[in-house]
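Next up, some structures in structure tokens.
Both complexes shown next keep chain A, but they swap its partner, so chain B is in the first and chain C is in the second.
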Partner chain A sequence: MNKLMKKTLISAVLIAVTFALYQNFTLMPEYRGLNEGISDYIITYGLNDTGSLNLITAVLYDYRAFDSLGESTVIFGAVSGIVLILSRKMLPVSSKGLSFIVKRTLGIITPFIALFGFYVISHGHLSPGGGFQGGVILAAISIIFSIVYGSAFDYRRYSPQTKTVLETVGALIFLGIGLAGIVMEGAFLSNLGFLTAEKGTLISAGSIPYINIGVGFKVGAGLAIIFYSMIQKTFEEDF
Partner chain B sequence: MAILEIILLVFLIFSAVMAVRFDEELISIIFLSIFSLILTALYLLHKAADVALAEAVIGAGLNTAIFMSAISQIRHGDSD
Partner chain C sequence: MLNNLIFIILFMLGFYALIMKTNLIKNVIGLNLMEAAVFFWVISFSDIGGEISIHKLGETMGEFNDPVPQALTLTGIVIGASTAALLLTLIIELNKFSGTIDRDKIEGLND
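What follows is the complex of A and B.
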């Protein structure tokens, strides 16, 4: 009897969900081809509206900036959950790292990797890339440090507290620009008009470069924190 | 261009099947990394440079490192 009731309940819920989804999809507008609709509008007017040469960045941080804010919130939630579950207040796995030659070579190469990361972040509105990709490149530096120099090195240089501060600063930059949009332009995360300059120059496209910088700091620090929480020691006797 | 695309697609499917079929986790992770690399080349062929950059950085770089650290933790637990 109980089993039968459970089955009836499950099928009733499934049928209700199916009906609701069907109703939802009937409300969607019909497909009208690629020559009409929002994509054509963005390709035609995107450069004039936002001043960003890279239309993907224009969509991500201007037209759909609220979605990007949601993405950042998802990453923040993931970092918080992983740190809550995995952090043990111990030093991470201490290893001696690789050989002398690899260490010296990485010491020469690392500034160029960091430069490339900052380039991808700051030129997000001009060339392919943006805050997210550049942030992951910056997080990769931290991972390479832990592999080559041994994991205690990066822990001592840039402690998790520093990374937490960086992540918070990135999120506050994003939110601050959104609130400045309310005050100056009348809508949340609206593009700030007084920051626009000649198209194609480095400091142009309104608030898009600054949002890029905020997202880059946030993603880089967040992913580095995730990696460091995952390689921490589990057993005390292995110190 | 078309021939290059077909070759890349064949290798993409091959690496995906290999990543599933191997029992050894390390080889699976390496094949997953190769999968991401081939996918990056395919994105570049279709002129989607933004997605290609994200795929190369996250799929081939970050995922591999995080999976490796997870695997090392699991092995450590087994050996005890």
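What follows is the complex of A and C.
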């Protein structure tokens, strides 16, 4: 009886929340388009302000660069918490890995995956992509290594210390460009004017490509550390 | 409005999984489903059928879609991934201590 009452109560709560959401949507005004406000400004002047063809990258690393710094700090906080919680094991016990064919094929494919990751990072201001997306692709390499070759291989090639150094380097690049903004332009993380080049070339758009590279290192190393911390206990139990 | 309807369905599915299920990993899945519903809604209501908001050199572009909600969604996705990883780590630790991930059967956390 008690359980039935509980379920009835929860169902009533669910229905009430659904109804409240529906009511909210009926009361909401229509979307008024881009004719006013910050979106119109960014679409009209974004290319001339920042030199970045990709307006989303312009918003992320120029207009809201300080917010992106806080975002990478959130990743750093998550990585720190996970490593702190799961930090008992010294060395991971290796899995056996997959078969010979899979290992050889991955050996051929891996440079291209890395190339694609660096391409997405470095062309963030010209085409879809950027530091976060490319960093995730780079972290995928580490994850595939752990699955296919076994975790000890990944440990030997790219040890957690190397990943920590890479993440720190990424954060320092971001902060260094921010401080250079104070010295050169008078505001933290403002776009460095002397780096601007012709629009559409690879080295253009002021400090945006460099921030992209820093964020790419940071996200890639951070996600690899998260994955690596999570698999250790599992491998010790299974093999 | 179809996107509002889909948002409500997705969001309530996530909310259902968060409240009714007792498996903690299913709760995390429900939380991520709620996030995904919000991201879907933010992207879909700002889509006015224009072009992707990336300039092409030497071409006059038509009307762009709004770039600001897309940038905000990117921020939200990254933070959602971070919180999901931290929650799953806590569940792994909980499984080590109490041997279960069912939130009604957790015992022995007092000592």
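As a working rule, the second predicted complex is superposed on the first by the 198 of 239 C-alpha atoms of A that agree within 3 Å, B and C clash if a C-alpha of one lies under 4 Å from a C-alpha of the other, contacts with A are read in each partner's own complex, and residues count from 1 in each chain.
Convention: a contact is a pair of C-beta atoms (placed from the backbone, for glycine too) under 8 Å apart; a residue touches a chain by one contact, two chains touch by 3 or more.
Treat the numbers as computed from the prediction; the structure is a model and nothing was measured.
In the superposition on chain A, no contact is made by A:Gly186 with either chain B or chain C. In the superposed pair of complexes, A:Val59 makes contact with chain C only, with no contact to chain B.
Looking at the shared chain after the overlay, A:Lys199 reaches chain C, while chain B stays out of its contact range. By the touch criterion defined above, A:Ile137 reaches chain B but does not reach chain C.
Set against each other, chain B and chain C touch different numbers of residues in chain A, with C touching more.
In the superposition on chain A, A:Pro29 contacts neither chain B nor chain C.
Of the two partner chains, chain B and chain C are each touched by A:Ile226.
In the superposed pair of complexes, A:Pro128 makes contact with chain B and with chain C alike. Put simply, chain A uses residues 54, 56, 128, 132, 223, 226, 230 to touch chain B in one complex and chain C in the other. Residues 1, 4, 7-8, 11-12, 15-16, 19-20, 45-46, 48, 52-57, 63-64, 66-68, 70-71, 74-75, 78-79, 81-83, 85-86, 88-90, 92-93, 96 of chain C touch chain A in their complex. Put simply, chain A touches chain B in their complex at residues 54, 56-57, 120, 128-130, 132-133, 136-137, 139-140, 143, 147, 223, 226-227, 230-231, 234-235. On chain B, the positions that touch chain A within their shared complex are 49-50, 52-54, 57-58, 61-62, 65-66, 69-70, 73, 76-77, 80. Put simply, chain A touches chain C in their complex at residues 7, 10, 13-14, 17-18, 21-22, 25, 31, 33-34, 38-39, 42-43, 46-47, 53-56, 58-60, 64, 67-68, 71, 74-75, 77-78, 81-82, 85-86, 127-128, 132, 199-200, 219, 223, 226, 229-230, 233.
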